[in-house]
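Before we start, here is the structure in question, set down as structure tokens.
Labels for the chains are A, B, C and D, by order of writing; each one numbers its residues from 1.
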Amino acid sequence: MTQSHGPLGRAVPRADARRLVAGAGCYVDDISTPGALHVAFVRSTYAHAAILSIETAAAARMPGVIRVVCATDLERICKPMQVAMPALDMPTTSAQFPLAFDEVCWQGAPVAAIAAHSRAQAEDAAEHVLVEYDELPAVVDAEQAMKPDSPQAVCSRHSNIALDRTFGTNNGAASFAAAATVVEQRIVFDRQTGVSLESRGIIASFSPLSGELTVHMSHQSPFQMREVFSDLLGLPNHKVRVLCPDVGGAFGLKLHAYPEELAVAAIAVLLGRTIRFQADRLESFLSDTHAREAVGVARLALDSAGRFLAIDVEALSGLGAYQAYPRGSVGEGLHMAQMVGAPYQFNHFRARLRAVHQNKSPTGAYRGVGQPLACTLTETLVDRAARTIGMDPAELRRRNYLSAERGSHTTPAGLEMSAVSLHACLETLLAMMQYEDLRREQQRLREQQIYRGIGMASFIELTAVGAAVYGANQIAVPAQEGCSVRLEPSGTVLCHSSATDQGQGVRTGIAQIVAQTLGIEPTDVTVRAGDTASSPVGGGAWASRGIAIGGQAALLAAEDLRGKILELGARVLETPAERIDIAGGTLRSTTTARTLSFAELANLAYFRQHQLPAGGCPELSATRHYVSQGFPYLTANGMQGCLVEVDIETGMIEVLRLWVVHDCGRVVNPLLVDEQIRGGVAQGIGGVLYEHCEYSEGGQLSNGTLADYLVPMAGELPDIEVAHVASVATETSLGAKGVGEAGTIGAGAALWNAVNDALAALGAAMEQQPFSPDRVLRALATAERARKSAAVAAATNIGPVNV
Amino acid sequence: MSQASKSSVDVAFVVNGSAISEQVAPRITLVDFLRQRLGLTGSHVGCEHGVCGACHVRVDGQVLRGCLLLAVQADGAEVQTIEGLSSSGEIVDLQEAFVRRNALQCGFCTPGMLMIAADLLARREVPSREAIREALSGNYCRCTGYQSIVDAIEEVARARHGLAA
Amino acid sequence: MELVGQVDLNATPEVIWAALFDPSVLQGCFPGCKSVERKSESEYSAVLQVKVGPLNAGFNGVITLTDPEYLSAVTLAGTLNGAGAGFARGTARITLQRRDLVTELSYSADLRLGGKLAAVGDRLFGTAVKRNIADFFASFAAFVDADRKDTASCLASL
Amino acid sequence: MKPSAFEYLRPNSLIEAAAMLEEAGDGAQILAGGQSLVPTLSLRLSSPTLLIDINRVADSAPLEHCDGVVRCGARIRHVELERSTMVRQHAPLLALAMPHVAHPAIRNRGTPCGSIALADPAAEIPACALALNADIVLQNSGGRRTVPAEKYFIGLYETARLSTEVVVELRFPAARSSDRFGFAELSRRRGDFAIVGIAAAAQLEDNCIRSLRLVIFGCEPIPRVSAAAHAMVQGREIGELPIEEIADAVAAELDPMENAQGDAAAKRRQAYAMAKRVMAQLNEREV
């Protein structure tokens, strides 16, 4: 990088925030399409049933209705979605059609679609489509789904088990046998979902004349969706254009292809017109991918000095009826199993993951993808070990962290680890928390029956995932990011990036990188993204890749453009390129002190080539791509702290304070990085304190509104104190790692440990989220009964002993 | 019955200072009417059951959920949306603070947040952070974790009363 | 959702058994029931308007009386579909036990809600539906308890 | 999630509204604040054929204190009670309860009369009406009748109001200077439905309790005055109340609904905690 000061590292506000605070954003539902048809879906009311008949005549006659569409109408137009991951030797999943043919496998699965002049008319008609179901046995609980006698979630499958995989090489049996202490920890995560405030939406227009399909949709990966529509609708992919306007939050759930969006695109092709669909909130709860449903059991062997010897993990991940297309749903389970113990040094590791199908909606990516589960299982296990051997949890961590000097290596679990800064993060966190004072105050309050808990959690984070994951499984997902830059006649720079922005501020970060490289202000750089017709081919947004990979591509493109500017400048200023300075958008010859502004240079290049000295037509644009090679991902790391107070009379938990110390390598924009962390922490806290998709045993989701599915609001969170430890990533010249998922990965674990630290004084512990008041009270009641029966047992022993 | 019941009703009201008069079906909510009939898409629809606050509009000076008021009920009222508050300059300091402190990320909740913030600052001298969080307790944001929004509102409240940030 | 209960009826099993198989009695006793028509010996089609606070939805469906043991037990089952609201499916095993002066009717009912009815929170409807079942058996008891009054006037008084 | 179609009427008086209600029969519903009604229309849980909008009627009583009563007419919004110094002085229990009613934007439009008409088990205003034994004035096409709160709540969403009647006014007895009030509510998040709440009004005579109406709401189908609490405090010095025993008695008396919010044991323990907090408020709360 040329200058040390300059826009890189500055808290630059986001350019597109100006539009959004004026209500001038453009989300999919804001786009006006006169004459378009609106779609409403008829959804399965059963978790598992055969469809005997669908009666659509009455609905078809209702006012405003143009077409009632069933599976058979789309059969010739649209292939089913079917996830295949050969590199994991996982059998191809069952075919999932946009509308169910003869079997529905979860409550809410789309069965028919009504296309009408208004959404209200479509919903009126949907109520008059009569579907006759024959209820089939359903399996809802993941542990039940594993059993051989369990009903099949999808009739055509012979087993619900989609994946049964083991990680780690040497078995730790010897270490467990020789260990001074062995501790075991079990955690259960109910299902959650991303609840982006803007629901999923799509507008699909198909022109029979040109054979072109144009799709506006609220999505994270436009190029992936272009491949999906082209493949499944049988259209050449140069005839498919996907545009992602402003997106109202995504968090992973807008990374997948959904049956509803596929049906809308297919109906556009069927009717040759514009069709639009905006999911309502109940539909979002029923059809957005869910996540986190898992059971984890981990065992840890320690020697007498408290050093970790071996870790053994059993992990179960609930997938739902199908897998999310095209990336599959096993990422959560894979990360959960393989990343247990990631921050720590130990010798033996074994983890077995089983991922099972069940009669619920498919699960998919949600911020952190399994890493919050691995972190929670690990950190609750470490706290339990500290309590068992009577060592302070901070000290036990200090003894067992991977050391910074270790540098990049492969862990016993098979993770490719680069240098970590866990000890630095720990010391910074303890200082921020004033840990010793907190412990003293906790003890003082405990004497007054006020139960506070202090929790901490360390985490490793796989960011900026490279090509190995999807390419190897022949899944058409671009793993690189691209950036094209062009010097404009106004002297500013126009930039097209493949990295998409759902609010993370990636476009601003890229503007800073380009501005720094070209010696101009970020306000002089315009960054556009999210349109497969103009953006370079690239992945979009997932696994915290925006700045780490998209930013690196921008850096390379800007450096190329700088070279071309200097080359033309040298010809015009008749000064060798190396003797020309660039600052403030102006070239200055250090020998002749002549100057040339970017605007003058551009006007010469574009409009007055006749005045240029010989040397060929000037080039003032550049396009570069970047993909991480030689390492599958960039490992970032960090720690979180949490202070809670538990009201043991009502079971209510108040989160008093939250701290985060994070190392995401070079910080391009501290404002955007800290806000990404705070937003992530809020989702992590919600994920343990409040959120779960409640299912009856019959597989009916029973909390499908924002009044019943609880998310943290402004009144439920304290301020979040954020600090950084910056070790620059050596893998890229930019040196930035990902940060988007850091907050979510560690917050739930820190809260879990804080609550169990408070309850430990009463012998209680939480094993399953969410920590609703009645579950806290049940844990306290169980502990009370155990204390009483122990007391009774102790009392009866005294009698005969002194005979 | 003195009035014949109607399936389509004439409504006339003022939106962001300009008078409109339309025929509308009673079932159309005010937020859908503003968005689809008048193209004022700054008010957003997040839940359609009155919980998330993204659809806040000001009706006769009161901030209401635009999804819980029928368009026909706005007859004769003075309606203001985020577009109106923005062009009138009434909330320019709040908008500046939101941008400067990154008190928004995806921006979907932001119009609703700005509406309730303007209402809070109009009613109270300098609200405490606790009072700000209380006022925002009915506005759902999934991106920011709320702190930057509280910071921005607190900063503007203090600035409007000549206090240092 | 299970619900178990029992009620003492001042009537003979014969009277009770006849009432159970009489569609007009079922219609009179189930809250919000608009019509019950016999379709076969043991099958009826029913139309209900269920009104509980915010919920006010129309249901239609099939009620069956199956595996009868004359004068001692029968299973009352129903699948009711609401236009947009979803469905309610339930079965209740009803048993009659002759005591000296009265007949004890006991029921164990299992009920499941589906679709939107289930999805928008059992905070509202879980309790409401249990109450509807309890009301049915209470009004059924009131009906058969009437001291030999003719059936029509009883129904009017419900 | 769009409502199904319905027709719309905007009567000029409450009398006219009642007449319309009676004439239209079963498919008609009154639209006041709409903060509970409109979501159920959008969710298509109910599809009335006619909405009768009473937001422009001329004969709705003002929010005022006269002849020892605090009157609250059909068009009065929650926010008006929340910000009224008259209410804080003459009906302090309502002033204590208002901040717990949903969220600011809902309170700007929702109405106390509407809350009484719906009688949601978790609603604050019905519990306060019962604690103060307010009078509920019902308008039908023929005229008005008044039902005391004690006789108004019957079952889950079932009240003394006939389907042809409109709740047009609430009349809360004004507080005497010696009265004491307490309010506490447990909900997961601010503004959420109450899991369990208690609204209490105590009448004292030279520092002894003459009567205590301690109302539990949220976990039973209807708000209910605790007989146990009244029995245990009657005639006792306000300073020497056995707060924990009273709270135990209140919890033991409870027959809570079991739902997603918790089982009976949890709700009894939570009711115990809320009762203790309210009794403590009665102790130190000087009106």
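In this text, contacts are C-beta pairs under 8 Å (C-beta built on N, C-alpha and C of every residue); 3 or more make two chains touch, one makes a residue touch a chain.
What you see is a predicted model; the values in this text were computed from it and never measured.
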Which pair, A-C or B-D, has more C-beta contacts? B-D
If you average the CA atoms of chain B and of chain C, how many Å lie between those two points? 48
Could you grab the centroid distance between chain B and chain D? Build each centroid from C-alpha atoms only and quote it in angstrom. 28
Could you please state the distance in Å, as a whole number, between where the Cα atoms of chain A are centred and where those of chain B are centred? 30
What residues in chain B touch two or more of the other chains? 27, 48-49, 134, 137-138
Residues of chain A touching at least two other chains: 120, 123, 127, 280-282, 702-703, 705, 707-708, 713, 715
Touching at least two other chains at once: which residues of chain C meet that condition? 84, 116, 120-123
Listing every touching pair of chains gives A-B, A-C, A-D, B-D, C-D
Chain A touches which residues of chain B in the complex? 27-28, 35, 39-49, 51-52, 54, 81-83, 86, 94-95, 98-102, 104-111, 114, 129, 132-134, 136-150
Touching chain B in the complex: which residues of chain D? 1-11, 16, 19-20, 23-24, 31, 34-35, 38-39, 41-43, 50-51, 53, 55, 79, 99, 102-106, 108-109, 189-191
For a test of understanding, state which residues of chain D touch chain C in their complex under the given definition. 4, 26, 36-37, 39-40, 43-48, 118-120, 122, 155-157, 193, 221, 257-261
Chain A-touching residues of chain D, taken from the complex the two chains share: 1-5, 43-44, 186, 188-193, 195, 260-263, 265-267, 269-270, 272-274, 276
For the complex, give me every residue of chain A touching chain B. 13-14, 16-27, 29-30, 32, 120, 194-199, 246-249, 251, 280-281, 502-505, 671-672, 675-676, 678-683, 705-707, 711, 713-715, 717, 719-720, 743
